[in-house]
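Before anything else, here is the set of structures, which you'll find just below.
One chain, chain A, links the two complexes that follow: it is found with chain B in the first and with chain C in the second.
Up next is the complex of A and B:
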């Protein structure tokens, strides 16, 4: 009776439970090899849309890419450290991903190039393996190289898929086309950026956040203000921006003032509510301490309550940084001088110039990320003492 | 020298004839405090009369809800009494607070996490408007006094609970107050740290000769530290007994094993028993 039970217990002990089970990078290499081998029997493209299918053997250059990649992986196998073999495998991945670009450059159509696509899938699995090794190493490799390779992989995939399958330009342009448009249209994009970001967003953001902060301090001193304003905050956050934008245009005209006004309406209440929450964050005992020092209202505010409120203030500032950009772009749909990011998107969509629309989206995304990232860095520098930021 | 004026022994500081009593620092006369709770009024203090003289170390002891913390907060002008009279250092508690005549040590260290240990101790001095050099000198001296020299640049969360509470004592002392008010400062600490800090505190008190009011619910802590022990009782908060604790001023932890110590502790325990019915 006790025999199987004991054996079971021993078996349980032999395989200790792991907290997290991740796919093992070691098991991926056979998958890569299998996929690549399968790819060998499939075509790698056609010369032109109507041309005959070309196989690996019919294209010595493609074969060279394949052999080079295989050689890299093979050399990597005999490397002394996992890191060195990962670097060799990365070289193989780059070589593999260069193949579709080479074929596209020769005018190949990749719509039915199943051998080539399977080969790319194998290369992507190999990249997974490389990233798994890299991300186990702390430092710049993990914090910069891994996200960089990841993003590069996404862009390359986008580029190859769009060009390989000849996706219509209207639906989705290739990243290279967007980049070319961005460069060619730089003066226009800069003028739009200046109008929308520098004129509308920055001013509206500063006024909205500043007013939200100031009114929060006032409401802290005059309690009925807080009671009256907080329900209004809920109403304001439910107002559709497409409703107030035309009204603001009628009030403040076509130029940046009306956009700034929309942003003020959007950012005022998040800042007010966050500041009020931050001002309430000080503990009773800390307030009593300031009282025992005979510190007045403003002293207590500056030395205790505002430092305690900082994490909340940053929260409001970060939420508002994205709200402000969205607000300005959408508000420009409802009347603007013939410049601005929202104006550009609305007019170029109508003219089917989707590459300019995409270029504008790139500018907006970069601006938003930098804005938010800058605030996050500032937060880390000034609230390093907060439990959520502490590094011992 | 900064410490010179405070290092006088209490008897010398009082001046006058040698048998004259030292000057009263806290004088409470039929002090009452009634809170208006939602259902019925709560009597936190009922006709409390007490004189605390210069150089005294007075412990307020009693079960939870006996008003010991409330009494301390009234002395500190953190609460206003609803009846009776109280003077602190010969003036009203409010004037004493505005003149920064007392230092208050809370149950928790209440250090500001964005300030280093040194800048935490400098906080009250900053509010007083002292020049930077003097702030720094005073902070360094106080930190050395509580045995935290070398920790000036650390941040509160990098220190143990006992060190944090010592920092808060240094912060209270940096004001160079006439009166040190302490509200269960070691309540949250383990017994070993607590013993250590008790010893530290009694040595500090003997050296500086300050008047201390100390809230606790540990009998041995009260007997070990005090010159007088005020036994309080809840519902309503009132004083049951004031016990003179005439042990020598020079105290070591071994004192707690002596029969004199045990006798006073016994009297305190009897007093607490008298006022506390365990039925409610």
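Up next is the complex of A and C:
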């Protein structure tokens, strides 16, 4: 929150006396050129694992990629605005990153293709330069395009390194291989998703958060209860509640009931604490105003205190969204019908079928992100009026 | 003085005491309810007549109860802690030590990674806009679910024992540290930042002499969260390693053999470990923050 204020205060006053020294984007271009020039003298791959090394000059297509990238950067230099030259440079980066995919497609082995890797390093430095220009612009470019390009770069780097160095499948499969497995195993993954998320997580989450909320309202009416429960809640946040999973499996059986029970216990206290904190967030003067309107407890709660508590409620709901997924999956390690994401992970790991494990992880990651993102969107839609949402 | 003591007792201890008492009563009632059928069956099999007292005594002293009583758990804890030497695998403290080792190693790595990331994010604008969203997204992934796979994969790569567990703890720990430190490193008063500028201090000097001390309270707040998460991470990471040592292993073997008392005592030990580590952080906080000159 204080970031922009601080930057303005510090930068605005002192800028004339002592310009802030940042790694200037312009200074990076010679680095890029130097790296690319050095790369020219090194091989770009071998035909097959035993074949002779191929240089840039021995592969006309590779030279075309190089020339294209250089041309893009050159055109960018003469562009009118930094933004336009950044876009041209982005095109150069994309061209450069397409080269290894082209070579891999032709069956090249990139294990000792140091020219190739150096070229990619140069392209990455160039990408950094582009991101520096983009992130100076507020708006969608900064909040969506910059992280998007960064993530895309990570994915591309993962793919190229895994395939280029032929990393064993057991250690780390390429993203494309994981995606292919996800598509091929869709029915199995869907059954697991249904068992774990729809049956266990949603029910446990709703019951746990509902109970935490209800008890918080009760504790708000009976302060004695609040003073007794709050220390317990603080202790509960310090202890590893996931550990009750084997007990719950013993009590409630292998099916979704035991997982939901674990989730209920895990999510109860965060919701309780956050709701109590939220109910305390209304100011004395606001409550006094409600009293002067002759509003009773419930009316004050519904019209003033709950709306004011919304940011806290969402905080609890968001924390619990991740906790619920973890609780369900970990509880499935202790026993489950032969379906479910935790079951899939633990059994397929033992059988070394790591591709389906990775596919399950992709599903879990997507579920977690969508759950969290959905809550964040809902929060933005329902608490846009709240002071904590200003200046964003 | 007496009034102040009276207020604390009335406002704090009394509600807490009543709540704890209620939990205990409910616990014993639950023991009766859950172990009742099993206890009744055992008494019937014995053949002799039995009354309510016999029934209660039976339900409270089952060898493998569905829900053990608190005194059973305490006896088991006491026995396993004092009955064997510290290096024996039957000593629960030994397992707690193994878990604590992994958790603390992971915490150390996580703190290092978190601080480096935070320093980068605070100083390099590109990182703030490109990396921070992914740091946040990384936490919506249920990483604990991946723990067994990480352990197996790292085992294939030749890493066994402490390191795989520590790496999982690291992944869990770095997030609160990063977020807390980004806030903390920016928490320095703008006036002080200007003062540093008038001293012609560079970014490095400002970082070490102003930003770091100013961020200490944030660091310790994050550390308390991270320690608790780290213990959870270490325990879950111990689940798939099977048959070695650690609180997680005790949980798993207890669940395999139906040793409920063992599970509960391992759980209590995990809670104690977690609270003890948080206590250590709290002590370190008072010492360090006082040294750094905070009021």
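To be clear about the criterion, the second predicted complex is superposed on the first by the 362 of 392 C-alpha atoms of A that agree within 3 Å, B and C clash if a C-alpha of one lies under 4 Å from a C-alpha of the other, contacts with A are read in each partner's own complex, and residues count from 1 in each chain.
Following the convention adopted for this analysis, a contact is a pair of C-beta atoms (placed from the backbone, for glycine too) under 8 Å apart; a residue touches a chain by one contact, two chains touch by 3 or more.
Only a predicted model underlies this, so the values are computations on that prediction, with no experimental measurement involved.
If you put the two complexes together on chain A, you find that chain B and chain C both fit without a clash. When both complexes are overlaid on chain A, the residue A:150 reaches chain C alone and has no touch with chain B. Look at A:100: by the touch rule set out above, it reaches neither chain B nor chain C. When the shared chain is aligned, chain B comes close enough to touch A:385, but chain C does not. Here the apex is the CA centre of chain A, and the angle it makes with the centres of chain B and chain C after alignment on chain A is 80°, in steps of 10.
Measured by the number of chain A residues touched, the leading partner among chain B and chain C is C.
Once the two complexes are overlaid on the shared chain, A:278 sits clear of chain B and of chain C alike.
By the touch criterion stated above, A:333 is placed in contact with chain C alone, chain B being left untouched. Of the two partner chains placed by superposition, only chain B is touched by A:295; chain C is not. When both complexes are overlaid on chain A, the residue A:311 reaches neither chain B nor chain C.
Taking every C-alpha atom of chain B against every C-alpha atom of chain C, the smallest gap after superposition is 7 Å.
Residue overlap on chain A between the chain B contacts of one complex and the chain C contacts of the other is empty. On chain A, the positions that touch chain C within their shared complex are 2-3, 5-6, 9-10, 13-14, 17-18, 21-23, 128, 131-132, 134-136, 142-143, 146-147, 149-151, 154, 168, 170-172, 224-229, 231-232, 235, 237-240, 242-244, 246-247, 249-251, 321-322, 325-326, 329-330, 333-335, 341-342, 345-346, 349, 354, 357, 361, 364-365, 368-369, 371-373. Of all residues in chain C, those touching chain A in their complex are 11-12, 15-16, 18-20, 23, 34, 66, 124-126, 128-131, 133-134, 137, 139-142, 144-146, 148-149, 152-153, 156-157, 186-187, 190, 193-194, 197, 200, 203, 228, 231-232, 235-236, 239-240, 247, 251-252, 254-255, 258, 260, 263-264, 266-267, 270-271, 274-275, 278. Chain A makes touch with chain B in their complex at residues 283, 285-286, 288-295, 299, 303-304, 307, 383, 385-387, 390, 392. Interface residues of chain B facing chain A in the complex, by the touch rule stated above, are 76, 78, 97-100, 102-104, 106-108, 110, 112-114, 123-124, 126-128, 155, 157-158, 175.
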